[in-house]
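Since the structure comes first, as structure tokens, the remarks are kept for the end.
Labels run A, B, C and D following the written order; every chain starts at residue 1.
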């Protein structure tokens, strides 16, 4: 499968943060994971709280591991809370099922990684991330 | 950013416990964490139960790592329970999202640490802690 | 059994830190646990690294739980490393078996708690702690 | 104490990776933590194995939490293996005590964060990281 390169990962992060500034959001933190769920790149803006790495990671990690966007996970959590709680259990508490966890797909529709954004409201996090992903010609599933 | 000194941390604890005596609260336990979420000082009053360190720590730790006061975390937990449960997961179960976890800010508005108070009702814990923080000229966000 | 009061715990810490200044040691961190191994009080001097709470706790906790001073634990670790490693395992990795973990005993010889000191060399940590304990009329087993 | 900015963190990483290319090292992964041990930025070069985030993090995290460079931790591990193993325990297995974990200090000598590098030999990792840190006018303690 196509790998997400470090160059592309950094471009996604740069564009996401630029969108955040454009939207006048609170300081954002953005992570990019590869298709195996492993950290490729991360940046936490000045002024973001110390725990934002963990939250960004949780959003992206759940998306990759389940093949479900943050929005889809949240819908599931609201319908069947105990299921998402159990899913979180088998993944060692590492999943955060809310918007801001975005699957990244290439032209063929294959998942090549995920982006996790946190810092503002979940919905704004997702908007900024989608802009970042689309800016490099990839497709996001938020 | 300004560090919270040991002297200031102890003054906050002393004043918080004094307020607790003034309000005739149950025995209190008070922790002060620095801006990175690391323990600076702690005192558990005689008669307080053995587990109070963990609870005081959980209140303050969640506040620092998320940049959200205990009151704000509780509001979020009531709106979106699975989100706060997931957040607790990525922080290894160390977050207790209720009043009594207070962000401490300096004159410029920067977070320099957090105070966690437990022992009476959460609301009374928070009142005592705010008195402690204000007594040293700092601002609390409860 | 006699409880170690908050007043006594704070006096031990104060005297330990004063001894550290007297001996011109690096910034110290001092914890006092009660006879059940639960945190009573803690202070981390300015300039001490963020992880010092965990190390001070580990020294005192091993002492209380095993009824063995840090010095005795170290001797055991050097003779039978796998045993102390296993002991650490059953206590969730919370034991640090080196000098600086001091059992505190009252006049009757009963253990009423433990003190953990860290920041300088283990031997100097223990010397400062013994001074702190003896200054309040208690007996230390280092 | 001075915060390490995202801009500076990225510059350190860029310069470290450039040094790695100059030295013809294997693909490197570089993390920057702030003074509280929290992730500020990270990059994993293409071709680096999936687990490199954890190793880079472990090197930098141990350095910050203990206030000891990777080289100093390794020396301690070689003299007193059970001590470093126990230290790893109290930090949840998150400490990797070898060269490549470098404390970052500002002009006043205060620790403002740490850099963790992994991918080639530990010694080469450390050389690349020192070049990265010095390129932004900061001091590294490897």
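Throughout what follows, a contact is a pair of C-beta atoms (placed from the backbone, for glycine too) under 8 Å apart; a residue touches a chain by one contact, two chains touch by 3 or more.
Composition by chain, UniProt nomenclature: A, B, C, D = Heme-binding protein.
From a predicted model like this one, the values you see are computed outputs, not experimental measurements.
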Original post:
So how far apart, in whole Å, are chain A and chain D when each is placed at the average of its C-alpha atoms?
Top reply: 25
**OP:** Would you kindly tell me how far, in whole Å, the mean C-alpha position of chain D lies from that of chain C?
**Re:** 30
Original post:
Roughly how many whole angstrom separate the Cα centroids of chain A and chain C?
Top reply: 44
**OP:** Could you list which residues of chain D touch at least two other chains?
**Re:** 3, 34-38, 92
Original post:
Chain contact graph: line, ring, star, complete or other?
Top reply: other
**OP:** Please list, in label order, each pair of chains that touches.
**Re:** A-B, A-D, B-C, B-D, C-D
Subject >> Contact set on chain D toward chain B in their complex >> reply: 1, 3, 34-38, 92
Subject >> List of chain A residues in touch with chain D within their complex >> reply: 3, 5-6, 10, 34, 36, 38-46, 50-51, 53
Original post:
What does chain A use to touch chain B in their complex?
Top reply: 48-51, 54-55, 57-58, 77-78, 81, 84-85, 88, 92-98
Subject >> Complex interface listing, chain D residues touching chain C >> reply: 35-37, 64-68, 80-83, 85-93, 111
